[in-house]
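Note that the chains are named A, B, C and D in the order they appear, and that numbering of residues resets to 1 at the start of each chain.
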Amino acid sequence: MQPRPNPSAAHSALSDHFRRVRQASLALTAPLSPEDCQAQSMPDASPIKWHLAHTTWFFETFVLEPHEVGFQPYDPAFRVLFNSYYHGIGERHARPLRGALTRPALATVLGYREQVQNRVLELLGSSRSAAVHALVTLGCHHEQQHQELMLTDLKHLLSCNPLQPSYAKRWPLQRAGTAPLGWHPVDAGLTTIGHGDDGFAFDNEGPAHQAMVHPFVLANRPVTHGDWDAFIADGGYRDPRWWLSEGWDWVQRESVDAPLYWRADGHGAWTTFTLHGRVPVDPHTPIVHISYFEADAYARWLAAHDQRPIRLPTEFEWECAARSPHQLQPLQGLPLLGQVLPGNFAESQAFHPMPLVPRSDGKLQLFGNVWAWTSSSYAPYPGFRAAEGAVGEYNGKFMVNQQVLRGGSCATPASHIRASYRNFFPTHARWQFSGVRLACDV
Amino acid sequence: MQPRPNPSAAHSALSDHFRRVRQASLALTAPLSPEDCQAQSMPDASPIKWHLAHTTWFFETFVLEPHEVGFQPYDPAFRVLFNSYYHGIGERHARPLRGALTRPALATVLGYREQVQNRVLELLGSSRSAAVHALVTLGCHHEQQHQELMLTDLKHLLSCNPLQPSYAKRWPLQRAGTAPLGWHPVDAGLTTIGHGDDGFAFDNEGPAHQAMVHPFVLANRPVTHGDWDAFIADGGYRDPRWWLSEGWDWVQRESVDAPLYWRADGHGAWTTFTLHGRVPVDPHTPIVHISYFEADAYARWLAAHDQRPIRLPTEFEWECAARSPHQLQPLQGLPLLGQVLPGNFAESQAFHPMPLVPRSDGKLQLFGNVWAWTSSSYAPYPGFRAAEGAVGEYNGKFMVNQQVLRGGSCATPASHIRASYRNFFPTHARWQFSGVRLACDV
Amino acid sequence: MQPRPNPSAAHSALSDHFRRVRQASLALTAPLSPEDCQAQSMPDASPIKWHLAHTTWFFETFVLEPHEVGFQPYDPAFRVLFNSYYHGIGERHARPLRGALTRPALATVLGYREQVQNRVLELLGSSRSAAVHALVTLGCHHEQQHQELMLTDLKHLLSCNPLQPSYAKRWPLQRAGTAPLGWHPVDAGLTTIGHGDDGFAFDNEGPAHQAMVHPFVLANRPVTHGDWDAFIADGGYRDPRWWLSEGWDWVQRESVDAPLYWRADGHGAWTTFTLHGRVPVDPHTPIVHISYFEADAYARWLAAHDQRPIRLPTEFEWECAARSPHQLQPLQGLPLLGQVLPGNFAESQAFHPMPLVPRSDGKLQLFGNVWAWTSSSYAPYPGFRAAEGAVGEYNGKFMVNQQVLRGGSCATPASHIRASYRNFFPTHARWQFSGVRLACDV
Amino acid sequence: MQPRPNPSAAHSALSDHFRRVRQASLALTAPLSPEDCQAQSMPDASPIKWHLAHTTWFFETFVLEPHEVGFQPYDPAFRVLFNSYYHGIGERHARPLRGALTRPALATVLGYREQVQNRVLELLGSSRSAAVHALVTLGCHHEQQHQELMLTDLKHLLSCNPLQPSYAKRWPLQRAGTAPLGWHPVDAGLTTIGHGDDGFAFDNEGPAHQAMVHPFVLANRPVTHGDWDAFIADGGYRDPRWWLSEGWDWVQRESVDAPLYWRADGHGAWTTFTLHGRVPVDPHTPIVHISYFEADAYARWLAAHDQRPIRLPTEFEWECAARSPHQLQPLQGLPLLGQVLPGNFAESQAFHPMPLVPRSDGKLQLFGNVWAWTSSSYAPYPGFRAAEGAVGEYNGKFMVNQQVLRGGSCATPASHIRASYRNFFPTHARWQFSGVRLACDV
C-alpha cells in the first residue's frame, strides 16, 4: 500500500485490472437465472446477488464515500443491506436472512454495479491519491475472494436440489493417473515468513518476520480421493483413535461418514456432487470438501499405518516450501481461459480438483487445486496492526478458533494467490475447496 | 363427497370453478418477480413458486395419476420436489430447504401448471366419475388454502427486508370507528356440530354430531389494535398472572413484547407491517398476528379488569353462533374484487383487517377479517375416519398440540369459508391472520 | 372445600390423615442415602430432598403464613428455594438447578418438615376455620402427588446409573397370565362429568356439567408388554402411517424405537428397568412408560390390523366407564401394605404394573397399575374458575398442549385417586407410569 | 519419565509425595457433606465424589492393572463409571450425567481410595520399575490437576445456590494496594521453549525446541478488578470495536456484561462470589473468571486508550519471562498452609487472587494467583509424540480450538506448576481462575 513512483501509470494499469476483475464476477453469473442468484442454502453461504452487491458496496463505501467529490450514495438503504460485518459502518442485515432480500431485484443490483464501477473508473482517472490506489487494489482482491465464495456457495445451493443440477456445461473430466505419494525435503531453519513489500498483500500477511522452522519433508502431491477411500474402508470415521476429541464429538453429532457431497451409489461405490452435476468419485483427483477434523484424522491414521510421524504441516512450513525455487509459482503457469494447467485455478473453468501429473523437472506444485489445511491456528504475526477505521475489521477480528489454509484452489483466480496468502476457516467447515497436503518429521 | 344427481352438469360447473380458482392463484403472483417467488424466510413458510407447483402436484398426483388414461408424469422428479407431507406418496424434499429449489425456474412451474390444468379440464370433460369430482373439488379447496398461505408467507418474507417493501399498491386504509365492546347471547343446549351433507367439507369437519353447549355470550366484534394497546400499556407482556405457564416461557424465551410485525416508532407509538408496507397502527382495526398464548393472556387480563368471566370461546360455541340466523353468512355479502365489504375476504384486496362497522340489523359478523383463536384443541370428532390412502394424511395426523381457529380472514377466499370450517395452528404461531373474538360465561 | 358441619371432628380426622400422609413421604425415602436424595437427572424431574422440602413449603406458605398467629418463616430463604412455579409467591430457584442445592442438607430439610408439621397440627387443633381445613386437605393431596413424582423421578435417576441399582428389595414378580383383549360396552348419552360435592377434588375436576358421550366400547384390560412386542416386531416405530405428524418427528429426532427403559438384551429379547433393578420384560404386565405419541400410534396400528375403529378413549368416555357400577372403585379394594391387589397402588409396594387377572364378577378394573392416556387435551371445564391468589396457579395455567391421563398407577396412593381425577402431561413425556387402555367405536 | 539412578530411594521419596498428594485431596473435601460431593452444576464440571473416584481409577487403571501381580479390579463397574475420556479403556459414563451417580456412595468411594492407595504403596515398596515410577508420578500430577478442578467445580456449584454458601470459613481478605501498571523488558531472540529433562513434565510440554521470540515488554502485575471496573464503566461490553467477531457473538448471545460471578449490588457497586461467600469486589485484586474473549477485548480497549500496541502475550513470550532470573520461581516462596505469600497457591487457602505487592528486589511474580490467558492456541510442539496406549489420550487430542494459559492460580498446588506448564481451555470458559497479564510491542 506504499506510494507508487508514477501514480498515473499505476492508476491506469489498475483501471484495467479493476475492469477485468469486475467483468470476471459477471462472467461467473452468466449461466444463472435471477432465482439462482437469489437463494441462500445455509447461514454460512450468501446469495450470488448479495455477493454482486456487497463487492460493489465495498467500493462505494471505502473508495467513493471518502474520496469522490460530492459523493451521493446510490441508495442509502444499501449501506445496511450489503454490509457484511463492518461494525464501523453501522447496522447490518442479518446474515442468515440474506436470501430473503428479494428486493432490490438482480437487474437493480446490476445497475448498481455499473454505476459504481463507472464512478470508480472516473475517480481512478482523475486522482493521483495513493490511498485511492491502495483501496481500489484492496477492493479488487476483496472481489476476487468473493468470486471464490460465489462458486462454493452456489455449489452448496445446487447440491441441496434433488435434481442435482449442473452449473457449467459438462466438462470432460481429465482421466489421468497421479504420482505415488513421495516426500520432498524442505530447507528449514530461521526463515522469513510473511509478505515483504513487493506488491499487494492483505494486512494479515505481515509484518514479515523471522521464524524458526524445523526440518521436515512435504508430500509431493495432495491426498487423493483414492487415498480417502482406503481411510473410509478401514473404518476411519468410526474409530476415535484418529480424531481430535472435538472432532470425534462432531463426527458423532453430525453422523459424518464421508466428505461433504459424497453419496454411496448403492453398489459399493461413491459419487460426489460437482459444479458439473453428480459424478463418480475419481480416485486420482485430490480430495476436497473435508473439514480440518477430517484432515487431521486422516494424517493420524496414515501415521499409524505407515509407522511414520506423518501430520499436517504448519503454515510456516508450507510457506517455506512455497517460497522454494523448487516450487512452481502460480503465475509462472498462468492458465488461459478454459485450459487446464497443472496449477488448476478458476480460469481453467474445471471448478474441480484435477490429478497432479508428476513433472519432469521435479518441481513441487503447491498452488491451486485444493486449499491445504495447516495445523496452524489463525493468529496475528508479531507486530501485526490492523488498518485504521472500518477497513481494519477485514481480518484481525477473526483471529481465533480458525485454522489457516494455504495455496488457493480450483475456484481461486490465479492472480489472487501468493506464497504468503492466509485463508482461514473454522475446523468444521467443509463447503470450501479444502484438502490436505501432508508433512512428516525427519 | 357424495355422488351428484347429474354428473355432467356438476362436472361442468366444477370446471368453471376449477378455472377460477387456478386463475386466482396466478392473479396473486402478478405483482411478483421470479426472485420474490423464490425466497423462503423461515421453515414454516414456503416460497410462492413452491405453492404454485405443489397445488398443481396435488391435482397431478391425486386426480390425474389414478384417473387419467395413459398417465405420464410431467416430470418424475416433481413427485419428490413438490410433495408437502404425504408419506404415502414416498420421499419428500426437506421443508426448510424449499427456498433452495432454484430449478425448476418459475417459468417451468407455470408451464407445469398450464399442462396439468388442461389435462384436468379434459378429464373433467370426459369423466362422470364421482371420485374425480370429489378429488377435483378437494384440490380446489386445497389450492384456496394455499392462496391464503401465499399471502401470509409473502408477508413474512417482505417483512424481513429492511426496505419494508409493499406487495400491493398503497390501499387507502379505511378510516372508520368501531363499535364499543358488547355481548350477544347465543342459543345453547344440545346442538349439532360439524358439517352435514350440503356441499363440500374437509374430512375434519365431520361427522356431524350432537354436542352440549352451555349458555354464554359472544363479543359483538373482535378485539382491536386499540384494545391491545391498553393491554401493552398496562404491562400485559411483563406480568405472569395473565399467561399460561408455557406461554410465559415463550414470552421470556423469545422476548415477545408486542404482536408480530409491530415496531415502536420511537415517539411512543406503534407501527406495523402490512402487505402495503409499514403503516401506523390503526386502533379501530381488529388485532391480528397474535399467538394463542397472547389471545389467551389478553382474555385473562380483561377478565380481571372487568371482573367478568371473559375467555376465549370453544370452537363449538363459535360454530353455534356462526350457524345462528343472527349471523351474516359469508356468501350473503359476497365481495366484488377490490371492494371492501363488512365480510372482509381476500377478494377485497385489503389484505388487512378492517374496522367492523356496527350493523343496523344487529347481525353478528363472524366471517372474514381475522381468524378467531378458540380454546379448543384440534381433535377428531366422534366417529371421525380419515380417507383411505395418502389423501387421508390431509388432516388427521395433525390432531395434537394445535388449537382450532374459526371464521376465515382477510386473506381467505370468500367461497372457501363456512360455519363448520376448522383451521388449526400451534399455540406459538403468529404469521397467520389470527385474532381474537371473546366469549363470556353467563 | 365447603364448610363442614362439625369442624372440630373434621379437623381431628384431618389431623390423622395429615400425619399419615406426611409419614408416607418419609417412608418412601427410608431406603435412600443423602446422595440419592440430592441428585436430579433431568430438568423435568426433581431431587427427593426438594420434594420433601417443597411439600413442606406448601403447608408453610399456604396454611401457616395466612392463618398462624405470629407467623415466622422457618428460613426466609426457603420461600425462593422451594417454590415450584407460583409466580404469586415471588421469585423461584431455576428448576433445572434444583440438583445444585446441596445446602440445606437433608437433615435440615427433615428438621424443617418436623417443625412445620407440628405447627400445622397445632393450628388444626386450635382452629375451626373452614379455610384451614380446605388448605390442609389440599396440601395433603399435593403431597400425595409428589409421592408419585418422588417414585418416578427416582426411577429415572437410578436408571441413569450404569450400575442399574434397585430402590426396593427384590420383589417376586407375580407370574400370572392376563385376559385376552375384549370389549365392554359403556352406557353413553348426555351424562354428568366432573366432581360433585362429595369430598375433596382439585379445581380442575369441576364444575360438574353435562356432556354428550357417544356410544363406544372400552377394552377389558390395558395394552400389555406382550402386545407392544408385536407392535415393535411389525416395525411399528419405523412406519409413519401410524404416527401423528409431530409424533413421527419426535421418533426420528430422538431415535425412539421402544418404550422408555427398554433395552435389547442382545439375544432377541427385551429387558426393562424397574425400581427393583433391570428385569426381563414380562409380556403379561401392562405396558408402561410410553408417550402419548406412542399410545396413539399403537391404537392406529391395531385399528388397521383388526380393521376396527380402535382408538384412545376421550377423558369423558373414560370417566363414564369409571363411574359405572360395573367398575371396581379404588377404595373398595383398599390394599394393605405390601399386598398386591387387583387395584395396584403405591401401597402394594410393587411399584410396577401387574397382570390384570380377569375377575369372576366381570367388573372392570380401571384404577391403579398404569395411567391411561386419553385423546382429550387438558382444558378447563365449562364455567371453570381458578381459586383466588397464588394457590389458583395450581392447575389452570397448564391447560394447553398437554393430554389428560386417568385412573392412577402403581405409584399413586390409593386414597388419592377418584373417577373425576385429571392428570396431565405433555405428549412426549414418558417417565410417568403411563400406559394405554383402548376404546373402539360401535 | 526417564529411569532414575537409585530406584529404591526414588521410589521411597515418591511414596511420600504420593501420600501427601492423596491426603491433600481428602483435606479439600473435609468441610463438605455427602450432598456437596454429589452434585454437578453444569456439564463442564464434575462432582467432588467423581473427582475423588476418578483420580483413584487413574492409579488403578494405569499403575495397578498392568503392574500389580494378580491384579483384581476393586469393582469392575468402576472402569466405566470413572473413566473420564479415555477411549482406549472402553466405554465411559456420559459426562453431563456424572451428578446422577448417587451409587456408589461417598463412603464407598473413600474405601476405594484407601484400598487402591495401599496397593499402590505396596507396589512402590516392592517394585523398582521405572515405568511404575513414571506412572505414579504422572498420577500424582493428574490428581493435583483435579484438586484445582475440585475447587473450581465446587465454586460453580455453590454459586448456583441462592443461599450463596461459603466453602471455607471467612478468611480476612488482605487489604493491600497494588502497584501501578508498569512494563518489564524481557530478553528475547532465538530461545529454548519447552521442558528439558529436569524432573517431571506432561508430554505436551515437550520436546524442548528453539523458537524465535521478538522483543516485547511484559506487565509488572496482572490486570486488577479495579482496572476492569474502568473497562465496564467505559461501555467495554457494549462496543464491538474491542471484540473478536466470535467474542462479540458470544457477548450478545449470552448477554455477558461482567466477569463470571459478578453481580450489581443495586447501589452502583459490584459484588462477586468467592469460596468464602459473596463479597464486594476489591479493586486491588487481580481480575479472575474471565473468558479469553474478555481478556482479548480488554487488551484492545486499553491499547486504544493508551495508544500503545498492548496485547496478550504469546505462550512463548510468557515462558521466556518466566525462565528469567528476574522472575521469582514458584518453589522459592513455598507457602506454608494458611499463609498468604506473594506466590498465592492452593496451600495459602485464600482460594482467591490477592493483590500483588511490589517487591523491593524488582522481581516479576508470574506464578500463582490467576492463570494468564495467552494469545497462543494450544498446539503440539515440533516433534511432539503422544505416549503409546490409552495414557497418550491425556493431552494430544485436545489440541484444537483452545487457548493456552500459563502460571497457575490460587487453586493450583505450588509443587504442580513450572515455567513450561501449559494449561488450556476453550475461549468462552470462565469458571477457572483465569486472568490477564498484558504484553506490549516495543
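As a working rule, a contact is a pair of C-beta atoms (placed from the backbone, for glycine too) under 8 Å apart; a residue touches a chain by one contact, two chains touch by 3 or more.
Just so it is clear, the structure is predicted and the values come from calculations on it, not from any experiment.
Separation of subunit A from subunit D in touch steps, taking the shortest path, is 1. Chain centres here are C-alpha means, and the one lying farthest from subunit C is A. Work out the mean CA point of subunit A and of subunit B, and you get 47 Å between them. Separating the centre of subunit A from that of subunit C, both taken as means of CA atoms, is a distance of 60 Å.
Mean C-alpha position of subunit B lies 38 Å from that of subunit C. Residue positions of subunit B in touch with at least two other chains are not found. Within the complex formed with subunit C, the residues of subunit B that make contact are 85, 87-88, 190, 209-212, 214, 240-241, 243-248, 292-293, 296, 309, 375-377, 379-380, 382-383, 385, 397-401, 403, 427, 441.
Taken together, the subunit D residues at the contact with subunit C in this complex read 33-41, 49, 77, 80-81, 93, 97, 99-106, 157-158, 160-163, 165.
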